[in-house]
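Below you will find the structure I want to go over with you.
Letters A, B, C and D mark the chains as written, and numbering starts fresh at 1 in each.
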Amino acid sequence: MDFALNPELAALEKRVREFVADRIIPMESDPRRTAHGPDEGLRADLVGLAREAGLLNPQVSPEFGGMGLSHLGKAVVLEASGYSMLGPIAMNCAAPDEGNMHLLEVVASDAQKARWLRPMTEGRTRSCFCMTEPHPGAGSDPALLKTTAVKRGDRFVVTGRKWLITGADGAAFAIIMARTLVDGEDLGATMFLCDLPAKGFRISESIDSMDSSFAGGHAVVELEGLEIPETDVLGEIGQGFRYAQVRLVPARLTHCMRWLGAAQRAHDIATRYAKEREAFGQKLIGHEGVGFMLADNEIDLHLTRLGVRHCAWLLDQGARGSAESSMIKVHASEACFRVADRAVQILGGMGVTRKTEVERIFRDIRAFRIYDGPSEVHRWSIARRLGKPGA
Amino acid sequence: MDFALNPELAALEKRVREFVADRIIPMESDPRRTAHGPDEGLRADLVGLAREAGLLNPQVSPEFGGMGLSHLGKAVVLEASGYSMLGPIAMNCAAPDEGNMHLLEVVASDAQKARWLRPMTEGRTRSCFCMTEPHPGAGSDPALLKTTAVKRGDRFVVTGRKWLITGADGAAFAIIMARTLVDGEDLGATMFLCDLPAKGFRISESIDSMDSSFAGGHAVVELEGLEIPETDVLGEIGQGFRYAQVRLVPARLTHCMRWLGAAQRAHDIATRYAKEREAFGQKLIGHEGVGFMLADNEIDLHLTRLGVRHCAWLLDQGARGSAESSMIKVHASEACFRVADRAVQILGGMGVTRKTEVERIFRDIRAFRIYDGPSEVHRWSIARRLGKPGA
Amino acid sequence: MDFALNPELAALEKRVREFVADRIIPMESDPRRTAHGPDEGLRADLVGLAREAGLLNPQVSPEFGGMGLSHLGKAVVLEASGYSMLGPIAMNCAAPDEGNMHLLEVVASDAQKARWLRPMTEGRTRSCFCMTEPHPGAGSDPALLKTTAVKRGDRFVVTGRKWLITGADGAAFAIIMARTLVDGEDLGATMFLCDLPAKGFRISESIDSMDSSFAGGHAVVELEGLEIPETDVLGEIGQGFRYAQVRLVPARLTHCMRWLGAAQRAHDIATRYAKEREAFGQKLIGHEGVGFMLADNEIDLHLTRLGVRHCAWLLDQGARGSAESSMIKVHASEACFRVADRAVQILGGMGVTRKTEVERIFRDIRAFRIYDGPSEVHRWSIARRLGKPGA
Amino acid sequence: MDFALNPELAALEKRVREFVADRIIPMESDPRRTAHGPDEGLRADLVGLAREAGLLNPQVSPEFGGMGLSHLGKAVVLEASGYSMLGPIAMNCAAPDEGNMHLLEVVASDAQKARWLRPMTEGRTRSCFCMTEPHPGAGSDPALLKTTAVKRGDRFVVTGRKWLITGADGAAFAIIMARTLVDGEDLGATMFLCDLPAKGFRISESIDSMDSSFAGGHAVVELEGLEIPETDVLGEIGQGFRYAQVRLVPARLTHCMRWLGAAQRAHDIATRYAKEREAFGQKLIGHEGVGFMLADNEIDLHLTRLGVRHCAWLLDQGARGSAESSMIKVHASEACFRVADRAVQILGGMGVTRKTEVERIFRDIRAFRIYDGPSEVHRWSIARRLGKPGA
């Protein structure tokens, strides 16, 4: 075992940290941060900064202009990018694009890559991933998928309703999951690629939500007679759930990486405040009640970091990492939330205002305990694995 | 001991519940709810509804048009009003007005009551309470009070900065706490009454904050050469901290009452959802993972209710209730937050959107763990009491 | 609502507290406290002290020499008795006898009462309740009951294995639950009374366990051809589960009462220690880390007390109290355990030794989270109730 | 970074696991396990088994017959040994001997090593470490050290009282910490070596305690006129606290290693039980309430393992590891306790009996949250470090 980062990676981490500190954090007071995330102008400016710094696309292969980092490399770099919630957007490694790029790299045809992946990796476009459906459709339980794609000649006609579709507003294209019906036969779930805007793809609502850091916010999408040519099927028909798995574990882990960076930020802000602010005769940090919270933060952050890096390393070894990524998803989301919650508490009245990033981090991390599988679903999947004969 | 409500109070509770369900909850989708609370138009409409229903001012004495409820009566009625976060605003028993009315009833002169209390109890005006100051002034530790009121002839000239002043924007008057200097001598803290707008009282910022249910939001107030005639001193000079105590314990307790109602609401929404929504082969509530959370909610709500009513009863017996109100402030804020947090989690993706009131309740209750004394300050005050010789 | 104790009850509480402080606590260093509870000699001495003080049988009707207390009265008196773990044994209101006496008072015939109840209420005998079975028999799920009672002429022949039978060793009689077979037909569960020792009733093991305060400890009982005349059926054939319910809710609640007293004791010991012991420059209680734990103890104890008394009052009004007793069983066992755990922690090295009662209280309370329904089973029953249509 | 164990270490881990499973676990039912730990006969038998298997002294240098493992090597092997609470005793790597051997290797003279270390590494003797004192002496705060060693000619006369001295009963020698007075001058704390039994070293009490797995239990030791020749000073006069540091961090970490193994054992027992035992219509593990607890155990164990190994690796790099070892001490003790607590709960009635090792592990791990620094002291030390300027 060796817990040391190799020097190249350590140097890259340092560069990203400095970039975020020097170029991105000053942008946090930009008024173009809206309740539905940074607007397109701000996003373009942020991407420009990262491009200038040579820090775009840590997770993309060099062929497509990325750094070609291993999972472990991403663990280090994406955490550093997440130290500002604008960092991953700048570096083009935010959700859902980051997962979509990974999916396209693995599954798409060359023509599809040229058409959809290339402009994304150049930071010119955004995308969305249309899987989640409102009740009684596919939520935590994907088996409930209701959207259908019915074959008509050389095209599919897609009908259904999606919601909580992050980034749909302003996306250049969508990846859409639908139950595929060909000649009356259900061939299972398929993924489709679709340029936007498109006839039959309508954003009926921009959802007000607790979090506010995803570019484009979250939308309700109505799919009504949306026509998609069969050439725009992503990979093969009926393989949608399999591809979802391809996207799932790494995307889950990159969430952990970014949020770890954000939680570290909240902790650092609270620590600085506790070292400056005085009450009841001494600095806040001199009060055990505050000091213990900061100590628990340190512990939570330290162990989350170890767990995230371990799981990334596992994936680098070719493991599927389903169990480990479930464990770290639960731990990271719960621990990072605790960190953010303690940071709010330490800041006191300041903590519930937008005068520091902590308030925003707190709200955004709350959602992280739910998306990509609520803690409860992951606990259950860990338990089921344990329950198998021979486990 | 007798845990039964008397029939009049039970009947009143029922009326309030029905009023909130029938008249107030439908108003929750009103677009005039802003990030800084309901606007004045909405507030006026809400107050109108309560006036029509004969449900204004549960906490005010009959002399001033209120119901003259005991603390226990308030515990029952304010909880019921809090079932919608708009309920207390409608019934004119929301913070900070509710506490200010109580303070004025106890301390103000008849002339002051006629001038400031009467219009408030008629629902025509709002007020604010200017105590909290930014670092390095008075926060959790009021001894750090920095604002000064210097005697000049028959008036005081007030200088300082206040922040997190709830309801300042739109208030008809302010109660201002300042360190009083007369002929160079520090006479301690005094409370002043001041009509708004006033020269020398400037709202320099409307603070963006996690919560969004207080009318008027939270402001930063600059006090620069604000002149207040000596007739507008509230009570006596140098008695500010003593009057703050008069306001403190009951106001702390009414917060618990209202938030208990809001937490109950979040729980009821989550329960209803869990009984309808299906995943992994059965209704959510059929999953132990969800059912246990709901059971813990029931326990938290039940015990909070007992604790709040017990403390209210104590005050009715003439007790100061400092220890008990600290205990119940900690318990209620932490327990109600847990309830709201579990409700968010049960709702899943829905829980982080504004599609139900739960998202708002969650954000607002987070702040409740901080204002009126963070849990840590109350724990400390409980411990100090225990530590006294003979305790 | 009225939270005041009536003066008679308050006076009785005071008497019990003084009795426990003056007469029982000094007995705690008696070497006759074994790993399987106080031995018979110690028990007799303790009962003698309570008899002398006129404090036997708070829960028994005056007809049988008891105080005839209401449930609320018991809540007050049993808590006070539990301040020493020897107190309930002295006052003849410890488990399982207390529940068995209640059951006999409600269900037994006059002849049975004379034969079995009377000597118990005189403090001369102990009893046991034989329901729980080892895997795969009846544990948390009573429906798994395996022990059978087969009718042979005018007697029943009982066969089965029971375990965790508290107080079996030294008991004068047993109440035995068995599935009843008459002429090959299963008539459901029946309760039988059986003098001990008896042929066919064999204690095969005295179980080593974490707790050590129940007189007689916990035994494994082998029932092999045990013959019971049909006159010794308790109540009616086939009504066993119904009678179990008669015993269940009140017995569950008296556990909460006694353990609340014990937790209060642990807290008081820790508080006293924290006020005397110095470390890092001040008394322990002056450290927020310790003070916050003591404050949380105060809150846990206060709310548990309110919850227990409320539930007792409910039973006094004739309510079944199933939901409330489940809620308070979960809360009381979890909260009292937290209190004991914090007390251990505050005592430091001392806390894990038997130099104070805290170590014993901690171990004994751990078991309380499991018996009379583990917290999980109660949570589930609360959730199921919520899940019913119309709930 | 590389999370793979090297093949030699992985093979050694496997050997230790098999040894513990095949040879040590069967010894757990040996009646020579007393409330004060395994007796000397049992200890000798256990050591014999490890000697036979070539598995003695993983932590000792080859020069003294050990495996000469790195800290990381120890992390792997001591965890595996701890899978039975008898394992570390068998392999001669239990507390306090393991820490004492380390201390002697680093600090003792060759003559001292020959006299005291050699027989220990041969498994023939045990030792004890006499530092902790009862109130008002040195506990969590070592600065309160009260025991004195007064120079008289060529010897020191030691006077004081020590308590919670693990293994004193039956130890062949003691390491004693005392404040050193030479010619009336206080030269600071010194460590002394002392063969046992010795005149002036009296065990006045064998302390009854919650835990029961340390050989020799815990004693109160009276030091009354104990004479120690100056040649038996360990290292240099006045360097006692410095040497305590030498012992401290590694010993703290080996505790984490062993307890991690024990917690894993408790979890495995609970998992097996949950897969066999049925209630309410299915296997326990099929209930989410149980499955979630097992999932949380998996997470706690996984992250503790990563944290322990990371800290061990840090020490191998030459770091002092004070902060990291404090973090992992808090996390490991709290997490392992949670694991044991959940295992008890899952086992239900069985969990509080000595029918599985879980009951014992639960009791023993409770103490681990206190010794080698209570969680609170470590949190404080982490906070203090954070609070330093520049940190």
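Please note the rule applied: contacts are C-beta pairs under 8 Å (C-beta built on N, C-alpha and C of every residue); 3 or more make two chains touch, one makes a residue touch a chain.
Remember, it's a predicted structure, so these values are computed and weren't measured experimentally.
Undergrad: Could you tell me which pair, B-D or A-B, is linked by more C-beta pairs in contact?
TA: A-B
Undergrad: Which chain maximises the distance between its CA centroid and that of chain C?
TA: Most remote chain from chain C, centroid-wise, comes out as A.
Undergrad: How far is the middle of chain A from the middle of chain D, if each middle is the mean of its Cα atoms, in Å?
TA: Each chain's C-alpha centroid was found; their separation is 43 Å.
Undergrad: Using CA atom averages as chain centres, what separation in Å is found between chain A and chain B?
TA: 37
Undergrad: From the mean C-alpha coordinate of chain B to that of chain D, what's the distance rounded to whole Å?
TA: Between these chains, centre-to-centre, one finds 52 Å.
Undergrad: Which residues does chain D have that touch at least 2 chains other than itself?
TA: 287-290, 292, 376, 379-380
Undergrad: Within their complex, state which residues of chain A touch chain D.
TA: So the residues of chain A in touch with chain D come to 1-6, 72, 271, 274-275, 283, 285-286, 288, 290-292, 294-296, 298-299, 302-303, 306-307, 309-310, 313-314, 317, 323-324, 327, 330-331, 376, 378-380, 382-384, 386-387.
Undergrad: For a test of understanding, state which residues of chain B touch chain D in their complex under the given definition.
TA: 287-289, 292
Undergrad: If we count contacts the way the header does, which residues on chain D are in touch with chain C in the complex?
TA: 132, 135-136, 139-141, 144, 163-164, 207-211, 218, 276-280, 287, 289-290, 344-345, 348-349, 351-355, 359, 362-363, 366-367, 369-371, 374-376, 379-380
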